Amino acid sequence: MTTTTTIARPTFDQMNLSTGKRTRLHRLMYEHGPANGTLMILPIDQGLEHGPVDFFDNPESIDTDWIYRLAVEGNFSGIALHVGLAEKYQKAYAGRVPLVLKINGKTNIPADDEAFSPLTSSVEDAVRLGADAVGYTLYVGSPAQDADLAQCNDVRRDCERYGMPLVIWAYPRGAAVKAKGGQDSLYAIDYAARVACEVGCDIVKLNEPKWDAVAAEKLPKPYNSLQFSDVEGLRKVVASAGRTLVLVSGGSKMGDDATLHKARVAMEAGCVGLIFGRNMWQRAWGDALSISSRMHDVMTNYGQRA
Amino acid sequence: MTTTTTIARPTFDQMNLSTGKRTRLHRLMYEHGPANGTLMILPIDQGLEHGPVDFFDNPESIDTDWIYRLAVEGNFSGIALHVGLAEKYQKAYAGRVPLVLKINGKTNIPADDEAFSPLTSSVEDAVRLGADAVGYTLYVGSPAQDADLAQCNDVRRDCERYGMPLVIWAYPRGAAVKAKGGQDSLYAIDYAARVACEVGCDIVKLNEPKWDAVAAEKLPKPYNSLQFSDVEGLRKVVASAGRTLVLVSGGSKMGDDATLHKARVAMEAGCVGLIFGRNMWQRAWGDALSISSRMHDVMTNYGQRA
Amino acid sequence: MTTTTTIARPTFDQMNLSTGKRTRLHRLMYEHGPANGTLMILPIDQGLEHGPVDFFDNPESIDTDWIYRLAVEGNFSGIALHVGLAEKYQKAYAGRVPLVLKINGKTNIPADDEAFSPLTSSVEDAVRLGADAVGYTLYVGSPAQDADLAQCNDVRRDCERYGMPLVIWAYPRGAAVKAKGGQDSLYAIDYAARVACEVGCDIVKLNEPKWDAVAAEKLPKPYNSLQFSDVEGLRKVVASAGRTLVLVSGGSKMGDDATLHKARVAMEAGCVGLIFGRNMWQRAWGDALSISSRMHDVMTNYGQRA
Amino acid sequence: MTTTTTIARPTFDQMNLSTGKRTRLHRLMYEHGPANGTLMILPIDQGLEHGPVDFFDNPESIDTDWIYRLAVEGNFSGIALHVGLAEKYQKAYAGRVPLVLKINGKTNIPADDEAFSPLTSSVEDAVRLGADAVGYTLYVGSPAQDADLAQCNDVRRDCERYGMPLVIWAYPRGAAVKAKGGQDSLYAIDYAARVACEVGCDIVKLNEPKWDAVAAEKLPKPYNSLQFSDVEGLRKVVASAGRTLVLVSGGSKMGDDATLHKARVAMEAGCVGLIFGRNMWQRAWGDALSISSRMHDVMTNYGQRA
Amino acid sequence: MTTTTTIARPTFDQMNLSTGKRTRLHRLMYEHGPANGTLMILPIDQGLEHGPVDFFDNPESIDTDWIYRLAVEGNFSGIALHVGLAEKYQKAYAGRVPLVLKINGKTNIPADDEAFSPLTSSVEDAVRLGADAVGYTLYVGSPAQDADLAQCNDVRRDCERYGMPLVIWAYPRGAAVKAKGGQDSLYAIDYAARVACEVGCDIVKLNEPKWDAVAAEKLPKPYNSLQFSDVEGLRKVVASAGRTLVLVSGGSKMGDDATLHKARVAMEAGCVGLIFGRNMWQRAWGDALSISSRMHDVMTNYGQRA
């Protein structure tokens, strides 16, 4: 377990974790997956967020049991999904792969201008199902932020009460975000990272910021003239996240090299790990296992003690 | 009890049912109606959803007691209706036909652009009335999905608490659904099937997807070029529903042959059964009994152990 | 006590009333007013719904104590009003005329396009005040039906808990109702009758449906071509109400003959009684007593055992 | 204690007051101020409703302690204000002037089209602070009446529970009121008086209705042709208020004669008293004491036993 | 400890503080920072309110631990921030710098026309974390004042219950404020000061009013013609705040002289202290310590006994 990243990630002591949160994060970070203080989470909430269309590339992926087998055989740190899937598929794998219960979500059928994800389950459900964390989507900058921050506050309080780690999917979204340069800008993602930290999550899931010269014209100063490489962009948001650990989203499917490159960049930038879904299960079984294994190789270089 | 369908339906073990849910589903699936693991549900919530206009074809149907007699003499697995009807008509038939209490609904007088069905009763009412399941309408894709998913979550939690099976009427609806090809498309129904599974119901009620070349131009890829037969369409949504059992809606009245064909297609596609209302009680008494009996004949071929 | 109507009204047994509801309805139907199983309710909620303008025709009517004297000396089955009037005027007449506490309402100052009546009191208030029923206005077809059905459900549950009969003022209302032929059409009132029954009230208050050839052009099929006499219209809605008893509203003031004709038509159609306000108290004292007495004569012909 | 008004005001017995309400109203009406069954309330909620602009005419009035001294030395029946002022200024005067805790309010910065006043404190706060009544603003006719009537119902229930008298500031307000002739018309104030009575307050605070020939063209019949003198206008609304006692608002500052005339008119019309704020504290100390004293002289003529 | 200001600030006795509130305010005002009855609060909620953009000028400021060191070594009276930062950074400094938990907030990504800040934590969280006050943003004049005043009332009640001092960030905001001359006018800030007092906070945080001849044309009378110096403007709002202590915000970064001038003006006007954030931590370490020290020198002149 050696660390080559130049940025030390926050320790459990620095994060001031309660006993319950520390116990559960230890399970995710030191007992499953790479088990060296990094995280490889397998998300499977796309069926709700995007619909079954995401399962066309690899028809087997529509079977959640297949996803669970991948989570176990690919040695992931945890699997993230909604209550309906957890109830029906987790039991056979209980104890073999930690559960990150995604507790809010929505479809993408209506427009995203006032994006908001209502609860589909609760922190209590997570406790009942033996989960080791909950996931919550916060749409930073949405005109519906009133309802979102309030709901997030309720979830945070329950996480505090039960010692349940809180992972925020911090997504810039909504009409105002579009008008100010879009959801992939450093401006938007940097802001999202900070908001997630201030509202009190333990881990924040972010997309990689992109520099887009055209969209940049709409960005607030000084972001409109702030060019950056992939690793620089992520290092900036890691700094803004403070003592909140950062997970990087995979997004839509890429080739093997691009996938592994993205993983390395994330770890170099000081992220705690990856939450790649489509880049895993849109591959056939063998390819999925193979890319998982190669991601493990990457993670080996970025271990850190608790 | 032999099964000819090529798709095995989820078993009680696979569905990971609690003792209460298993007891009640056993009653619906193995003690009433075909009693071979299939379902024939008789719904009578159209008076609220469409108004008394649905009773014009067969004036006797306006009398809910007539519907109950049909449910019993036609040997249905259960009857689905709202609390007002259950309170006033169930007692005389208590124990003779299981009750599926429909706990939310609305009129169709205002436009459907932001469709949402508020609660008309509760899971507690269902327990009090001796029901064996509750029915909940979720308008997938409606701009009101915020309120709908949140309300559905409350219902799910109560179902969990009381061991009450949850049947979701998963209907694509609302302005965005219209704009993306309409509520009968495979895109929309496939998405609805998956949402119902992810939010945690035990059984999902769906309409049969239709291929419509004109509407298809508005569909998202790859659905816009995905033609399919009746059975193929249903098999697709059965797969998307995962370990959630699928019931097929009857819709508006058809001839006998078309009705029976629809039933056979549903069962061939791996559905657990049918929830035909107008196709039953818009027929005169003798015809209604006769078509019920012929549907039983169909169901005989699709039994499956618990 | 003989019955000449050709339609038998639902009995207490058929209505499956709880002990509490049966006790209270017995008081309204067999201990006060005609006391033969019919109802003559005197409503005085117009001050809230229309303002004091309704009291101009008979200035004495602005004094609620005058109304109470009329309720007692005119031998009404009950008096229906809001909590403020009940608190200040009922005590002197306690036990002498049953109270139907009207628990929601609104002014008619803003437009009715999204009609909704918030609660002004509760079922618990009704219990505390010794009421024998509560009245609830449900605006069937209003775009605000989400809030209305949900609020009605809460009231229904409390009525169930306390054994309090629930009378729904089922009024078609709102922009969509206007666009589909108006609030007095058979289409609208027929739908309202059914909704009231499905959501679980014991008695529904309805207006008499009117045939209007011009408005009919906007009606949904087959109502647009369905002409009917007064008694036919009411018989239709009585059938749609099922095992829910039907009260007919009086509406604005008519002459004596028209008033008595309306009463006879209602009873012939199978209604349980009348809820005439302005037609009673917009008359001077002597005339009001006289018309009440003549209405009693009508009711004598429509008695029915519990 | 002699009464010259031709209209007897409701007695405590007629109002059917609970022991708690009667005890507290006795304190306001028979132990402080004129102490002869009339009321002189000093309101100081204009800082919230209008801003500090109301304190410019008499700069001393910005100091709430100055207002309290006026309430005590001017011998008022009570002082009406919000929780922040009560917490910081009442203690020094506890027991010397009764507190009417104003429990809802708003600023006048946004437009009044959908006027609604949220709670700033509660009936429980009033109990804790030793108040003898609470004040609640109800905007009669506002499009926000749904929320307002519902909130008012909650307050009424708490007043019932704690035996706390409820004073409603019944103000016609909102776009529909404007369109129908404005907030000062007899139509609007008459309606407001009746609504306050029906929703169950003990005392209603009203403005004096004004006849305005131009605005009258927009009034509903028969108000559009109903001219009246000051005393006739108030007598009409006193009648509509029924067994609810009526307080008349002072409004913006007038000369001494006009102020005293308004007071006399109110008492002649059968009101229980006056709630004059700006007409008191926008005068310098000596003038304020003087006008208070002269108002006491007026009240002497309108005493009435409990 | 001598006082040169001509306006005596409210004492604890005048403020009528409960034992809990007095204990905690004593800690902020007499045990930390200047400890002479004045306040120097260091706010660090800009990451949520403005985004990480505020940290560009001094990159070290993005590290909240750096801010905490400044709070301790600069000898501030307290540090104000959100729950996420408090959870992760306060522990190492517990007892060394009092915590003012900021319990609501929002991003500035959507427009401010209907400004409202939802809760991000609670008064109970403040108690649990050992805080000595809570901070609440109230957007005075926002069209969302309904929700804001109601939420503020809940917070005030909890503060009362737990003896927790309540600091209101009283900010004029929203479309109507813009239309009436803007958020920096004396009209707007004067109104905000009074509202904060009436709704019951202990300390109000205000911006310094500015005279702007152009914007003044939109101001209500008599503010449109009311010119004033810096100290006059603040004295006016201090008077409107009554027995509520006033803190002055720093706003965007100024030079040293301007910063110290602003501090002196505030204290001369009778404010209790300063809450300067960007003017502190947008300076490099040495400069930040230096300006803090010079502010302490200013505060020495304005001590006052409790």
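By written order: A, B, C, D and E. Residues from 1 in each chain.
Convention: contacts are C-beta pairs under 8 Å (C-beta built on N, C-alpha and C of every residue); 3 or more make two chains touch, one makes a residue touch a chain.
The shown structure was predicted, so the numbers you read here are calculated from the model rather than taken from an experiment.
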For subunit B and subunit C, chains touching each
none
Rounded to a multiple of 5 degrees, the Cα superposition angle from subunit A to subunit D is 145
Same residues or different residues where subunit D meets subunit E? The copies count as same if more than half of the interface numbers are shared.
different
When centres are defined as mean Cα positions, the distance from subunit A to subunit B in whole Å is 36
Could you tell me the distance, in whole angstrom, between the mean C-alpha positions of subunit B and subunit E?
58
Among the residues of subunit C, pick out those that touch two or more other chains and give their numbers.
147
Name, in rising order, each residue of subunit B that touches subunit C in their complex.
45, 47-48, 51-53, 55-56, 62-64, 81-85, 87-89, 91, 105-107, 109-111, 116, 118-122, 125, 147
Spell out the residues on subunit C that touch subunit B in their complex, using ranges where they run on.
10, 14-16, 140-143, 145-147, 149-150, 152-153, 156-157, 160, 172, 174-177, 180, 187, 190-191, 193-201, 220-223, 239-240, 242-244
